[in-house]
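This is the structure I have questions about; it appears just below.
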């Protein structure tokens, strides 16, 4: 098909040309004396991305799924109990992964369309007087439903319960796009991948552990430590401290990450977050004011600035919209997963993105809906989004420009 | 600025990733024994692009301006008279170039917004009983005004006048995007560049000469032949016949052209033309039905399928729209040139393009107009274009898919 | 430093420009309906690379280290006994990884500079009358010492012992460069990475399991199965069968692998092997006949066609040669690892390589040796290698050309 | 053929990966308000490359051949007399081009293997008492014979003759590789292309005119000025002064040039020259001391640091060496042109190059010579070059490193 494809799944996201160019490099010796000149600044910049000074960053040649595994297996022992609210496909998959590794996961079911409940977490921890719960697992931005949870409030709930549990946060579709504060929020294990806010291909599993999490890992050794080798952070630590890796790293991904981080910090992290909020605002205006369709996220406080899950009317199928958008309009939308399969389609609006890209996605989605019989008002989404961008945009644009 | 820039000037056009990748190659020896394996198929494919069997294609490491020069200097003698209608900036510049080379240009002024008049050409040639006019110079698609002339009708007019003049056609913003038939239309010199329908960067001046034009070049030698060296086709012919060039060619441009031609023929030239007509239809719907603004092209018969020049209301300035679109919406529009400066802005819709790209351009243009005080109905352009694409698109889409 | 770096570590290897170009692509939706058009042919071609029809290939967004882990954790249970000869750093590291996962590894120490001993393996299995040994772990090409083991002979030894043990083979620096025959040799788990014979960056952990290995994995579930999630092949199988992956794959690596496999099969696998043998012959001529230095590999039968480990004279340090070559001659050589640290340097000669690249490496190595006081005859290595290539090369060259 | 091709023609030269990556960019509007941010620094850096403050640089989307034409047609009138020594194929071709444009070229024949004779030029100008000679045309580095002329001495000869002739210098295979000083040497028109010392593809014709040359161009208008349009510098001046171009420039070439100039100035121009001298020294050691073959350049004072033309023994054919090197060793050498066709082969050693690349070229050339029956001592060239690099290299290496 002619022309550029419009990629509006909530990850992988569009890769800036600068990043692609940075990745297009000949091979080199990853044990050379100059190799640390590449790697050390990446580790330093990654800490700024996580907003941490005390934490330690790990870069696995893997994916976010691998980061889930790395954080759990390096800090816990077999049979350890963890608390995990479930409110979407990705919180569900993390729970499944924890169980595969032999953890005892206490699941808090929350309605899909909502997120982590600080109250429920507080209550569960308060009830856990024996401190059997070693960690709380929270997905910051549930990509399947377009819901963002309040991680700071979760931390406050843990503290209010006087509970020593570690706080592990999946920030895969959040970090680098919406605000995340490892140290300030007391996050002990933060997880992300390269293919979302970092605007790269998949292929790096990135995580960051707090000193408390590292100590927990040492302590776990005296119990029945979880097995790991590829994801072992001690091998990583030994090599990373000099700028190397215990096995061959993916050089294009390191060069890409250096460039991606440079792009983020050139724009300024806070400007990046403001831009995501602003672009998301336009998309939400299209959905709510233009098309008059509900979002999966049940209340504004849950609205995600990186992905919007649009509920299609009863009797229609979100999958048909996605299929039509892809085959007819060169547009990739995200599908409904798990218990919302068919009930929605998702518009990803994260990463290297601007107004016209979002408007094109909205236009494509509204044409696709009309084509498959969903009777939204023609043009209404784009008109509402344009209106939002024109009205609200000046301030945001100014902020971005500064 | 974050996100992809939307390039909607009428050239240079968007370069497909496949073409960029093909151009990203190490250097090589352009005199190697295997070099003709690259070049010979390019010459063959280029002839199909011009729809010629008898013509001879020349590839100069230059631009369309160089092709103008190559066609004239290799076929005419100093002081030769040529007939050239003028109806826009590019017909004007070609006339200027011809004069710089010492040709005696008889200019037919046509209103900007119209194109070459077969009647006027017929009359001028009929009156030229001594056959002093050696050639007629016609710009197929006047990029400055969004006007396409009827080249076949011009040929019929020349023939009807019983005049032996050569027919030279500037197809820079036409060839590869709208129908062009060198042999069938009796074009003697066809001119294009790489940065329009060929979807490459500027850097190749491409032209094609008919046997009659080649003979005219030989005959001109006995008069006072125009000087040329860089653009000398005889040096080219000597080297090209074996697949080489008389001086170092631009290798990335050759590799890019091979890939671009492959892309065009994979889609199918007729499908490419249909797609341009279809995409242009949506943009025109936005302008005429949505915004209710006039095009510079005065009648439907002049409408160009590669660029639309939108007249802004009296008292407003097209340049302000362009400036706003660029600085605020990451969108490049074309400006008014020459006598239409400030009176219009242009939306290029040629090359590697699809519906959502055009809709994004329309959205950006309508926001920019509103921002600078041009009171079109918000969202009206996108709504009209979407409607066109949905209604008219099925047939075209089917054709494209076949 | 000006000019091209000469990368002659035994991996990562030089990436062909075609592969780099193939990897330079915009992002896309890995759940789109057309995605399997990319992936299915890759799986099919990978089976040809392993020379298997019955085996099943797995592609993890990881590295060879991850493949080690995937093969073991998907086929064995905690506490299972495996037999592993150790004769270099990589056989050592695999053993360590197996132990980290709770396997009971019986190590057969073989002198570094030799390889797997079919006799010793036969004897150990014959003695294991209770069939406690579940698998034999063999490194096909020990990258640290430049030693290739005879995998077919190992299989014959296992069979001669009448033992049902699985045969797992690390082919990281072998597969795609020297002959490997999964089915014919009865290999049950074959392991490789992307950054050696596949001529890509690191970032794919590739393995192939025989039906017998897959059955063993099912059987292991009833014991105390090894934990895995990221490396779980059942999740892979469920998604792979339709051309998808259970989590986001690295798209550039898939596009790169498609191109790399195309390159290998265009040359022809047997020609690739012949080329490696031929190029290695020249390097060995330089070492043995030119410089008159010993290889680490103790006998010709152990000589590796992908890497030569050159012993430096007593009292000199291989690390000094490597350092000099890197800083002065823009040449990366491999260092001595583990118990041969400092005693040797390694010249990798695998992947996308030709005579002049090998000669440049030999030239750089001999200059670096002279610079640090190792008194080889100036120019002797290049002269011997040239001589070899000229004498032996015709036949190989012809084969390659056919 | 597997592995990297070794490109050792004297242009086009190897393109650094940084330059290729810089050229790999999406298209953009060359009339945008930010476009001058790209172009203005390029013009400024180009002046440093020419070592001029007073001169004006022009960048044509063409080649060095176009630059020849631009310098002549913008400064002279039809029938003007120019003086041009001829000592190789490129001085010959420039003379031919001048004649095609109607100039009256007085040719001084110098033996091929020598260069411009300041004495002969002095004598010719002294004899031209009427100052009919408007310009002297000198090829700084005659690529066909590997001869560098002394441009400063030519200037002194012109001045000593008290003659006002302009000095035009073809620096195509010199500028950016060997010392060139526009202002200090009183050069009035300097010519180069992108595909030599600038390490880019062909596609930019670059020239620089002194104020005196620009005035001569104005004065020529009152005679019978040479025709030009594509190469008209007045159109360029009008647009360039604001950072624009009169017609579409080749954007990849501009981005490539920005990066190439950055690379040259990062290394330091004087270091670049020293490196070329040093690398050339090794190649000459191979030819003269190793192979004991003569260079085409008749005396050391003519030796070129960018290309060495190696005379093959009587009865043998340089073309056979080139053919063998290409087809068997993946090495491109330059051929004998014009009157030295068959009598020599050329090794280009300019651009992005280092010792091992030169050694590989020497190795390939000596193998190819032996293969076609030229009885040089096996390995002798590489041994001599290695010896040179090791002995002479320290000082140069230090200089380069500083």
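Going in written order, the chains are labelled A, B, C and D, and every chain counts its residues from 1.
Just so we're on the same page, a residue touches a chain if its C-beta (ideal position, glycine included) is under 8 Å from a C-beta of that chain, and two chains touch if they have at least 3 such contacts.
Since the model is a prediction, treat every value here as computed from it, not as a measurement.
Enquirer: Name the chain whose C-alpha centroid is farthest from the C-alpha centroid of chain B.
Expert: C
Enquirer: Between A-C and C-D, flag the pair that has more C-beta pairs in contact.
Expert: The greater number of contacts lies at A-C.
Enquirer: Suppose each chain is reduced to the average of its Cα coordinates; what separation in Å results between chain A and chain D?
Expert: Going by mean C-alpha positions, chain A sits 54 Å from chain D.
Enquirer: Between chain A and chain C, what is the separation of their C-alpha centroids in Å?
Expert: A distance of 35 Å separates the two centres.
Enquirer: Counting only Cα atoms for the centres, state how far chain C is from chain D in Å.
Expert: Whole-Å distance between the two chain centres: 46.
Enquirer: Could you say which residues in chain A touch two or more other chains, in rising order?
Expert: 4, 14, 20-21, 24-26
Enquirer: Which residues of chain B touch chain C in the complex?
Expert: 17, 20-22, 24-26
Enquirer: Spell out the part of chain A that touches chain C in their complex, as residue ranges.
Expert: 4-5, 7, 9, 11-15, 20-21, 23-33, 61-66, 68-69, 96-97, 100-102, 193, 195, 201-203, 226-232, 246-253, 323, 326-327, 332, 335
Enquirer: Give the list of chain D residues in touch with chain C in this complex.
Expert: Going through chain D, the ones touching chain C are 1-4, 6, 14, 24, 267, 272, 275, 328-331, 352-357, 359-361, 363-364, 366-367, 370-371, 378-380, 382-383, 386-387, 389-390, 393, 397, 400.
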